[in-house]
Structure formats: C-alpha cells, structure tokens
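Two complexes are shown next, each including chain A; its partner changes from chain B in the first to chain C in the second.
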Partner chain A sequence: MTTQVIRRLLQTIPTLIGVSIVLVLIFHLIPGNFVDSNPTISKERAAELKEMYGLTDPVHIKYLKWAKGVATGDLGYSIQHKQPVTTIIDRYVWNSVLIAGVVLIFSWTIAIFVGVFSAVRQHSFYDGLITFLVFAVMSLPSFFIGLLAIKFFAVDNRIFPVGGMITTGANYEGWAHIWDVIEHMFLPVIVLTALNVGGLTRYFRTSMLDVIKQDFIRTARAKGLKERTVIFKHALRNALIPAITLLGFEIPGLFAGAMITEKIFNWPGIGSIFLNAINARDYFLMLGYTFFIAFLTIIGNVIADLLYRVADPRVRMK
Partner chain B sequence: MKKKLLILLSAVMAFSLILSACGGGDAAKPADPGTKVETPAEGENAGETPAEGELVTEGTIKATDPSKSPANATARKDTVIVGMPAPSGVFHPQYSEIAYDVYVTETIFASILQVQKDGTYAPSLGNYKVSEDKKTLTFTLEDAKFSDGKPVTAEDVAFTFTLFYDKSYDGPTDAYAYAPIVGAKDYKEGKAQSISGIKVVDPKTLEVTLETPSVLALDVFGVAGILPKHVYGAAYKPGDLSKMKDTFTKPVGAGPYKLEKFVAGQEVVFKANEHYFKGAPKVPNLIYKVTTEETNMQLVQTGDTDGETNISASLDNVEAIKSLEFADLTLNPTNGYGYIGLNHKDERFKDKKVRQALVYGLQRQEIVDGVYQGLADVVNVPQSKVSWAYTDEVNKYDYDLEKAKALLDEAGWKEGADGIREKDGKKFKITFTASTPNAVNEVLIPIAKENYAKLGIEFVPDQMDFNALQDKVKKGDFEMVFLAVGLTPNPQTAQGTLRTGGNQNDYFFSNARVDELFKLANEEFDLDKRKAYYKEIYQIANEEVAHIYLYQRRDTLTANARVKGFDVSPYKRFTFDTPVIEIQ
Partner chain C sequence: MANNLIEFRNLRTNFYTSSGVVKAVNDVSFSIREGETLCVVGESGCGKSVTAMSLMRLVSPPGKTEGGQILYKGQDLLTLKERDMRHIRGNEIAMIFQEPMTSLNPVLTIGDQITEPLLIHKGMTRKDAKKRAIELIELVGIPRAAKIFDSYPHELSGGMRQRIMIAIALSCDPKLLIADEPTTALDVTIQAQILDLMRNIKSEFNTAIMMITHDLGVVAEMADHVVVMYAGKVIEEAPVHELFANPKHPYTQGLMRAKPIINQRQDRLYTIPGQVPNPVELGNNCYFNERCEHCMSLCVEKPPILTTYENKHKAACWLYEKGGEVS
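Up next, the complex of A and B:
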C-alpha cells in the first residue's frame, strides 16, 4: 500500500509541471496588466514598476523564477494587495472552506437519503414528486432565489441576518461568536444546499438503481435479510463506490469559493478576491490561486484513486 | 404519468427562465418605456427649481421622516456604521490604491493639506509657502499628536516624503514625475544617504527643493498621510521596503480615528483618536462594514448600516432610498467623465472639421439619458462642473445634422452613389472599438450607428473584453473608442491625456498651445492665474475636439438621518467628515 501511495504521488509531479507551464503560458498571453491601469503614473514609472514585478521578463524566465518560488512554497507577490499570494489565500480561503464544507456534508447526506428513497420506490408517486422537486429546485436561478430569501427572511421578517459572517460591531467572543457565525450561515447554507442537492440526488438514484437490480441483492433478500439491511448495508455500500470519484472532485470545490455566497450573502470568501484579481490583472495572484486549485484537483484525484483501493477489493486485485 | 411529469417540468423550467431574466438586474439598464419619469428638459432649464414630481438629479434629498429609522440603528448611541465594498487591507497612505483602502487610510492618517469641496487644497495638519523662484516649498506644522500621543514633527514628514523616492517603493504615486526633488535620483540610485532636497529646518518646519517648479508636488506632499517615524522607521531600510508591508494592518497616524480591528472582507473597526489635533471626534466608534451591491440597500433598510457609499445612482435606487423615508441621499457628479476617443493619427480625424462634424452629428443627450435616465449630464470639457477650474464658456455642440453635413462637405467628404461619403476614392467607414458588457455601449452603438448613417458614415462596432480593448488602445490600434476616465482635484493631471506624449494620451492629440499652457500652469501656484490657463486649455480641447466628451454621471452617499454632518463633494469624501459627524 505504502509503495502504491508513494508511486501515485510521484506520478503527480509531471502533471503538476505540465499544468504550471500551461498556466504561466496562458496568463502570459492575457492582454492588459495591473501597472497600466494606473492613470496617474508616467510611462517611465510604469516601466520601472513592471521591471520590479518581473512583468517584462520573457516567458521562460518568468516561469523559472515563479517555479523556483513555488518549489519553496512561495506562490508569488500579489501586486494589488502588496502581500505574498499565500498570505492572501490564507486570509480568505478558510471562510470559503467553512461554508463549502458544511454545504458538502448537508447536500451529500440529504442526497444519499433522497436518492436511495426514490430508487427503492422507482416509478412510484414519491419518486415522481421527488424528481419534480429536485429539478424544480435545481433550475431555480440562484441569485434570484438568494435575494428572495434575503427579502423574506432577513428584511421583511428579521429571522436571519442580511449577510456577512459576523454581526458588525458586536464583538462576540467564544461560544457567542460561534453561534453568531452559525446564524449568518443559515441562509447561504440552505440556498447552496438546495441548489447542490438536485444533481447529487439524481446521481445516487441512478447508481442505486443499478445495484438494486443485481443478483447479489436478490440473494441477500432470498437469505431472508431485513429489507433495511439489504438496502443500507449491501446495496448502498456498493452504490457509493462510484461516488468516491465525485468526492475527489469536491476537494478543490471546497477551496474555490462560490460567487453567490460572496455576492449575495456577502460572505468574505476567496471567490471574489480571485475575480478581482482577474479583472485587475493581478498576475501572480491569478496564477498562484489557479495553480493552487489545479494542485488540489490533482490531489483530489489521487485521494479518490487511493480510496477506491480501500473501498473496492476488485481494484486492489489489479 | 411520465409524460405529464415532463410537461410539468418544462413548465417549471420555463417559469424559472423568466425569473432568472428578472434576476439579472443591471443598475445602469435603460428605463423601460413604461416608466413615467419626468426628466428635466434638455440643457437650458436644468437650473430651474424642479416642479413637483420632477427628478432631482443633484444635491441632497433629505429624509422625510427620520423617526422611521430602524430600531437597531437608533439603539447604537455611540457607533456609526458605514457600508462600502471590501478594502483589501492595504492601510498605508503611500500604498493604498483602491478607493476603499484610501477611505481607511484617510480616516487614520492626517495630511498637511486637505481637499475642499471644489477641489482646492486648504491647510490642515499644516500649511505651505512657495519661494520666489517657485522651486522651494516650505511646510509648517500645527501642534498635533499621533494617536499614540507622540508629537508630529518635521522629522516625521521628512521620513514620509523620503519613502516615495525609495528604490523599492511600488505604491501608486509617481513621486518623481509629480515632484522632482533635488537629490531624489541620487538617493534612489543609492549614491546618497538622504535626499538633499528635503531639509528639516526646525521641529515644525520642513523645506523641500524641487528641480523644476511643479504644482503637482502638492498632490504628493500635501495629501500624503504623515507616518510617525518612531513607528514605521523600524520597518524601513533604504532600498528595501519589504518589511513596510507587514505594517499595513497595524497603521498608526494622526488622523481622527485609530484602527481597532480589521477583519478581512468583513469590517474595519475604528476608535476615536483622543489626541486628534482638531479635537476628538464626536462619535466614539466608527465601523466600515463590507457590503456588496446586491444587498447594500437592504442593510441600510434593516439598520445594519447607518450609511452606504456604493449604491449606484440609478432611478430605481434613488426611488427606493427615498421610500425608506429615514435616509438622506446625496447625489454628486461622479469624479470623472465618459468620452469617445478619436485616434488623431488617423488621416480622416486629422481634419478638425471632420471631428467637429462627428460631435454635431451625434445625439449625445439621447445617449446619456438613455443610459442614466437623467442622472447624468452631457459634458463639453474634460472637467467636473464642481471643480474650481471648470468653465462652461465653450461650444455646446448641440445636435445639428445640417451643420455636421456641411462640415463634412467642406472637408471634402462627398456623398457617393450608395449614400456613404467618400474622399479620394475611400469610403467613410469608422470602426468603433467597444468593450462589452458595458451599459453605455449598449445605448451608444445603436444611436451612433443611426446618427452617423444619416451623415453618410458607416459606423461598425467591434466589441471585446475590457482588458483586450485597453491593450488595443495602448498600442494605438483603434479608430474610435468609448472609455471613461477619473478626475483628480488638481486639474493639472489632465496633462496626461491632453499634452503631446502624455502618459494617458493614447489618442495622439497634440496642440502646441495646450502643451505650453500646461507647462505654464504647472509652474504657477496662484489659483486665479492657473484658472485662466485651464480655461484656455478646456476651450481648445473643446474647439479642437480632442475627444468627443459625453457625460458625467452621479455617485451617491446614503446616510441614515440620525447621523448628522456629512457634507461631501466629488473631491471631499465622507472620510473628511468623520471627525465632525454626530449621532442625534
């Protein structure tokens, strides 16, 4: 097992190098740069600043300099924030992780139960109703629903706060602070979960239907096992195996930040920071963060691969 | 069952499509034809008092019923919360670049001069005098203390000024271009230990000697937030400012407030500075809360914020704020203007008559009203109408199709068989480089297309992403382009766009008299004399059609009426009122 882990991790290195080369190339080609957007500086000063930031270097020098930094954990310098890129990511990304993590737990739990339920009762009225609801919620325009939720729950009836992560000016400490954050999470978590749960439910339903029709389930029933045990122990476990891949993809998603939470619910995540970086052409922040996400995607894949080995003996055999 | 479900589903989806179309609201969207709004008739009678129900487009609209203020706002007896987009945490007066970082630094730091409502500078932490040859500026200081209780001295000022010229300084100020101090080059190149042109005369007096007189020096020295040397000195090694960046979230200044807490993306919490030299602020706690455009109005409505700086000035928003009844709304002309840039290197645009015809033949008022529903003015000079240097003694270029046609005829562009004008066998076809998505271009393009077709000019838009457009313009690879530009209190900065070879003059506009006037104006500190220079510059820019000037829109400041004392202008931001505002 250990050798396999090491081998799999070593395999990621060429992928990472490939990704980084592509990223530097692409960002090098993007027109516009941060320095030129300042209208008050002279051409000489602009040239001086570009030189200072290394924006004038030819692309291979740019790459080598940046790659050298990355190897030592330095993703570059954010021109806009005047701070190291890692500092900026660290400052905002955990807020995104918090909300994405909670949404992940909720949406997976709900989706598994709903998916199983509707698979077991395929073609029943409930299945139809759930399918309908799931599609209805999925196809709702997220920004609109977010704003509507704010209007009903935060403005008209002051049940939840309008947005943000903490009550401004409250200075809560300890448990009061934690409760304050939870209170601010209610609305975004509900809306995001509602939007995510749809696709996942379909996924689990299909996967479950495949398994339920297999011979070993009939065998299990024939053995006289309780229906509960058949479904949750034998069927579900097998139905969840393909979901591991999906889980692997969720890992970069955790760190990606969601525009809707940040724009509508004013959650201080990394998404809007990244978007601003693109608009302002904050070269190293764009590059550093994109690379960070690419890195997580690759790691997510590795983890999924390894989990397959744990979950599915058939993979281990090969 | 399945079929029915399918029908139902498609019905739901269709419905949600409609919903999503409603959701994507754009503040600057043109009014739908059904809205009943009386915009003041064009131009002349805009100055008259608006009749009942007519649109107020400028000044302060007072709250009609301050008692409707939400209970939680009214309950905050010692705290004022102002909403704004997120500052990025660069709380250092020499580095802050985005507006919201600047708001924070202006609240924490004090500068020698302070900008007034009309864009002039008035003494604040001190004053300045200019020598006979206009090369030496003498700054004198008031008795003032930093928020840590230590006095503000000329040493601190010298330290602050010196940082601008450091080799590793990468903030947004181009100090050397604005204020070429004697000895700054040597210091930058490491040849000198200090800048010879900065001289501390006594603890309250500082002399700065410039290589050439430059009124722009005031934009560097006058408004620079003064740093306490005893705090920031440790973070400074000549040629290496990397440590300075660790001080960004721990600012210490002589401004009205001191920083208590900064929560990135959430809030900036201030406490009143009891040592503030104009007297401690009346509101003990001040908070800048991060808001987004999607919900900033709701936050005022629920009382989460007492004020908001960033509600876009659309008719819908103005109505919504009025309907709150407890909020004062200030509408100010935005400190900037939109224009159509012409490439003066283009053979056709080298002819002044052609340029003028393009202005006369364009329904600018219709475009501006179409985009801003009356909450913007057509402009004819590159200056804000609230500036001390503004003049309206210029050609107004009211829409005049016949005049435009005549000018084109005179310029030798004759109508061809297909209705398109031509000269020397070349058709008059303009490629218009336009960024998308852009609310102005959405209205501008169809109107310009129609207007110019009437003139016998084919107008072909070429739309692209903004950064791609900027790149094209920088390279001079365009014929005609729509852009907007910001203004600064000092009119001299317009030299960037209008002077031959100016840093923002991507349009190759060149006029010997304008160049000369800018040079004269930069060497003059007397306001009246400068005003005359700028007036002539604006008149030439207008007459020569340096650009096709389009509009100046509006900015808003919304404030719960329980907070009194905001008196802002496009130049004097609300931050300058923080020491004087009061809670009622």
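Up next, the complex of A and C:
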C-alpha cells in the first residue's frame, strides 16, 4: 500500500509540470496588465514598474522564474495586495473551506438519504415530488436564489444577517464570536447546499437503482434480512463506490470558493478575491491560485484512487 | 407416506405490465412432502421461478400474489406478517439462485455473508457463527475454509460461489431448500459436482428440495416427484419414474422426444412446433392447443382441469377425459 501511494504521488509530478506550462501560456495570452489599468501613472514609471514585476519578460523567462519560485513553495507576489500570493491564499481560503466543508457534509448527507429513498420508492408520489423539487432548484441560478434568500430571511424578516462573516463593529470573543460566524454562515450554506444537493440526489438515486436490481440484493432478502439492512448494508455500500470519483473532485471544490455566492453574501472567501484578481489582472495571484486548484484536483484524484482501494475489494491490491 | 411440508393451493401471481396483465402463476396447486425432491420443469417464462418467489414472498413490483394459499406447517404464508415471514426466509426456507457470479455481494467477505443468517436467525455470537461458517464451507466441499472465510466473492470461481450460496442456504438447517436453476450457469463437470452435493445434503439432513430446472437430465438424476408447468399452469404432475415411463400430456411427451439420447445418432433433435403463447392474450382454453398435434374442438373451447389418474399421476388434458378421442 505504501509503495502504491508513493508511486501514485510521483506520477503526479509530470502532470503538474504540464499543467504549469499550460497555465503560464494561457495567462501570458490575457491582454492588459495591472500597471496599465492605472491611468495616473506616467509612461516612464509604468515601464519601470512593468520591468520590476517581470511583466515584460518573454514567456519562457517568465515561466522559469515562476517555476523556480513554485519549486521552493513561493507562488509569486500579488501586485494588487502588495503581499506574497501564498499569504493571500492562506488568509482567505480557510473562510471558503469553512463554508464549502459545511456545504459538502450537508449536501452529501441529504443527497444520500433522499436519493436512496426515492430509489427505493421509484415512481411513487414521493419520488416524483423529489425529482420535481430537485430540478426546480437546480435550474435556478445562484445569484437569484441568493438574492431571494437575502430578501426573505435578512431584509423582510430579520432572521439572518445580510452578509459578511462577522457583525461589523461588534468585537465578540470566544463562543460569542463563533456563534456570530455561524449566524452569518446560514444563508450562504443554505443556498449552496440547495444548489449542490440536486445533482447529487439524482446521482445517488441512479446509482442506487442500478444496485437494487442486482441479484445479490435478492440473495440478501432471501436470507431474511430486514429491508433496512438490505438497503443500507448491502445496497448502499455498492452504490457509494462510484461516488468516490465525485468525492475526489469535491476536494479542489472545497478550496476553490464559490465566486458568485461569496460575492452576493459578501463573504471574505478566496472565490471573490480571485474574481477581483482577474478584473485587476493581478498576474501572479491568478496564476498562483489556479495552479493551487490544479494541484488539489490532481491530489483529489490520487485520493479517490486510493479510496477505491479501500472501498472496493475488487480494485484492492495484494 | 411423508407429510406435506408445503402446499400450494390455487396460487395466483399476476404481473401488471404496460401491455396488460400477465398471469405468471395461474391457479397453481401442488405440494412438497418432507424430505422429498420436487422438480418443477418448464420452459423459460412458464412461471417456475415466480412460483418459488411467491413462496418466499419476494415477488417484486409490478408482480403481485393475489390469490390462493401457501400452507407451511398449517399456516398460510401469504397472510403472515412481514416480520414473521422474515423469520422463515433463510431460516426454514432457504433459496439458491441461477447466477452464482452475481448472487453474492461483491463488497462483503464470504464470512460476512455466511454468518449473517446465523446472527439474525440463530442469535449466535460472532465467534460461534464464524466457527459454524467454517464448518459449512468445509461441508460444501471447499478446502482451506478458514482462508475462504476472509476472501471476497471475486476471488472464487463460479462453482465455488454456488457452493458458498448453498452453504449460506444451509446455514440455519432449513426444512426446504429452493434451488432456482442452480446449475444452469455452470459447466457440465461443475454441474455434476453441485448436483452430487445437493443429493448428499438431502440424504444427510433430510431437507426437502424444490428444484426449478428446464433440464430433464437434472430431473432424472435428482427428482422424486415432478411438476410440469406451461404458461403459468401445472399441466402434469407425477412421480419421476412414472413421468418418464408414461408421459401423458402432449407437451411433456414433446419434451421427452426433444432430449438427445446417448448412442443414438440424430441429425436434428425433435422440437415442439410453434411458440409459447403471448402471456397477455391467453383465452379460456387449453394454452397448448395451438402447438398440440392432438388438438380437438374441445381444447379451444374449455381449459382442461388437472385430474388424478393411476399411480399418483395427474394431468390436465382433454385426451384422457370422457369425450376425448383416447380414453
């Protein structure tokens, strides 16, 4: 197992190099830069700044400079924030992880239960209702549900705060601070969960439907097992195996931040920071963050592969 | 004469499909005696498996058992509460299936799957259940039982998996073992081994076996008593020697003629002309009439009734009734 892990991790290195080359090439192609967007700077000063930030280098020099930094854990310097990219990511990404983590737990739990029940009662009224609701919520864009949620729960009825992560001006400490953050999390978590749960529910329903038609489910019933044991011990374990791939992709999603939702709820997450970086052409922040997500995607895949080995004895290596 | 263990009385199981109601089991009555091997024969789709699934009460929608009784120990299984039925399934009546390759759960160990019924029906501790499971694996003729206990189904061959299925079925010493085409998916040598195993079980534990098959060779080897089904109905029933010596129903006669005989060269085997009728459009007549070489006017007007003749031989055919040509 250990050698498997090491081998899989070593295999990621060429992939990462390939990804980094592609990223630098693409970002090099983006027109405009941070310095030129500021009209108050004189031409001479602008040229000087561009030279200083390395924006005028040819693409291969750019790449080598940047790659040298990455190899030592330095993702470059954000011109916009006047701080290293790693510092910026570290400051904001955890806010995004907080939201995304809670959303992940909620949406998966809800989707598994709802998906399983609508599979077990396929074609029933319940199944139809769930399918309808799922598609209704899925088809609404996040900015719409987000604003609707703000109107109902924050403006018309002041149940939850309108936005932000903490109450402005209130310097809560300890538990009061934690509760304050939780209160601010409610709306974005509800909106993101509602958006995520739909697709997942359909996924688990289909996966479960495939499994409960299998012969071994009939065997389990013929043994005299309770229906609950048949579904949750015999069927669900098999239905969850294909979901591991999905879980692997959730790992970068955890850190990627939800750009639009964070913007709407004014949540200080990495998603909205990245959106600003694109608008300001903050070259190294865009590059560093995208590379960071690419890295996590690859790691997520490795983790999914390894989880398959744990979950499915047919894939397990001797 | 041994007592009846299971008695089917006028069992009806219907399937509600989009093209109409399929009477998969249509007024079927027969019984299985203690310690007896009863073979149910018939071609695909004649209702053999559905009869067995009705007995286990595992017919899944759109199928529904809608009439008749299945008596076991004097109680009607069809009216039992689901809880009590669960106690019978896998405990007193166990079942093995046609497809050993897919009948075991791929993500659970063999040990897990054998001990499951022991834990729920016999209330054994994990330790005792493991001991018993290893005994069972040895009983069904698999060496290195302790190692097999921790293996997964994909590590075993088809024949071994079917043995494991038998071990699971035998775990709680059932009174009746239902075997739904247990050898169809296996190659001939493995078939012979599995049949041997089942015969040993029968003589050792006095378990009654309800064997579903369409292989007359298997019938000749295993059966004490045979039930022949056609389009959801029992058309003939007899002790095995009587049936092979003296088949009454033209369908059974056709089946006998259709099987190859060793040492007799034949270019083509006999086939019964025509096809099984569409189960949705069955009329009020003998369902075999279109394919029958003895078809009479009576056969298309009225369905024949299963009647008892000499040597415990029952058949549903107008040929043997008053008014028939041969009597």
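Just so it is clear, the second predicted complex is superposed on the first by the 315 of 318 C-alpha atoms of A that agree within 3 Å, B and C clash if a C-alpha of one lies under 4 Å from a C-alpha of the other, contacts with A are read in each partner's own complex, and residues count from 1 in each chain.
One rule holds in what follows: a residue touches a chain if its C-beta (ideal position, glycine included) is under 8 Å from a C-beta of that chain, and two chains touch if they have at least 3 such contacts.
Predicted model, so just to flag it, every value in this text is computed and none were measured.
Visitor: Given the superposition on chain A, are chain B and chain C in a clash or a fit?
Guide: fit
Visitor: After lining up the shared chain so the two structures overlap, which partner does A:Ile30 touch, if you call chain B first and chain C second: first, second, both or neither?
Guide: first
Visitor: Now for A:Lys62: first (chain B), second (chain C), both, or neither, which partner does it touch?
Guide: neither
Visitor: In the superposed model, which partner reaches more residues of chain A, chain B or chain C?
Guide: Of chain B and chain C, more residues of chain A lie in contact with B.
Visitor: Looking at A:Arg205 after the superposition, I want to know if it touches chain B, chain C, both of them or none. Which is it: first, second, both, neither?
Guide: neither
Visitor: For A:His184, using the defined touch cut-off, is the partner it touches chain B, chain C, both, or neither? Pick first, second, both or neither.
Guide: neither
Visitor: Between chain B and chain C, whom does A:Thr131 touch in the aligned arrangement: first, second, both, or neither?
Guide: Touch partner of A:Thr131: chain B, not chain C.
Visitor: Classify the contacts of A:His234 with the two partner chains as first (chain B alone), second (chain C alone), both, or neither.
Guide: A:His234 contacts chain C only, not chain B.
Visitor: Superposed on chain A, how close does chain B come to chain C by Cα atoms? Whole Å, please.
Guide: Distance of closest C-alpha approach: 13 Å.
Visitor: Could you tell me which stretches of chain A are touched by chain B in one complex and by chain C in the other?
Guide: Dual-contact residues (chain A): none.
Visitor: Going by the contact rule set out above, which residues of chain A touch chain B in the complex?
Guide: 30-32, 36-46, 49, 52-53, 79-83, 91-92, 95, 123, 128, 131-132, 135-136, 139-141, 143-144, 147, 150-151, 154-155, 158, 161-166, 168-169, 262-269, 272-273, 279, 281
Visitor: In the complex formed with chain C, which residues of chain A make contact?
Guide: Those in contact with chain C are residues 214-216, 218-226, 234, 237-238, 241, 311-314.
Visitor: Along chain B, where are the residues that touch chain A in the complex?
Guide: It is residues 1, 5, 8-9, 12-13, 16, 19-20, 22-24, 76, 79, 81, 86, 88-90, 95, 97-98, 168, 170-174, 176-177, 245, 248, 263-267, 269, 285, 287, 289-295, 298-299, 301-302, 304-305, 467-468, 470-471, 474, 485-486, 488, 493, 496, 503-504 of chain B that touch chain A.
Visitor: Flag every residue of chain C that touches chain A in the complex, lowest number first.
Guide: Spelled out, the residues of chain C in touch with chain A are 56, 58, 86-91, 94-95, 97, 99, 102-109, 116-117, 120-121, 152, 154, 165, 168.
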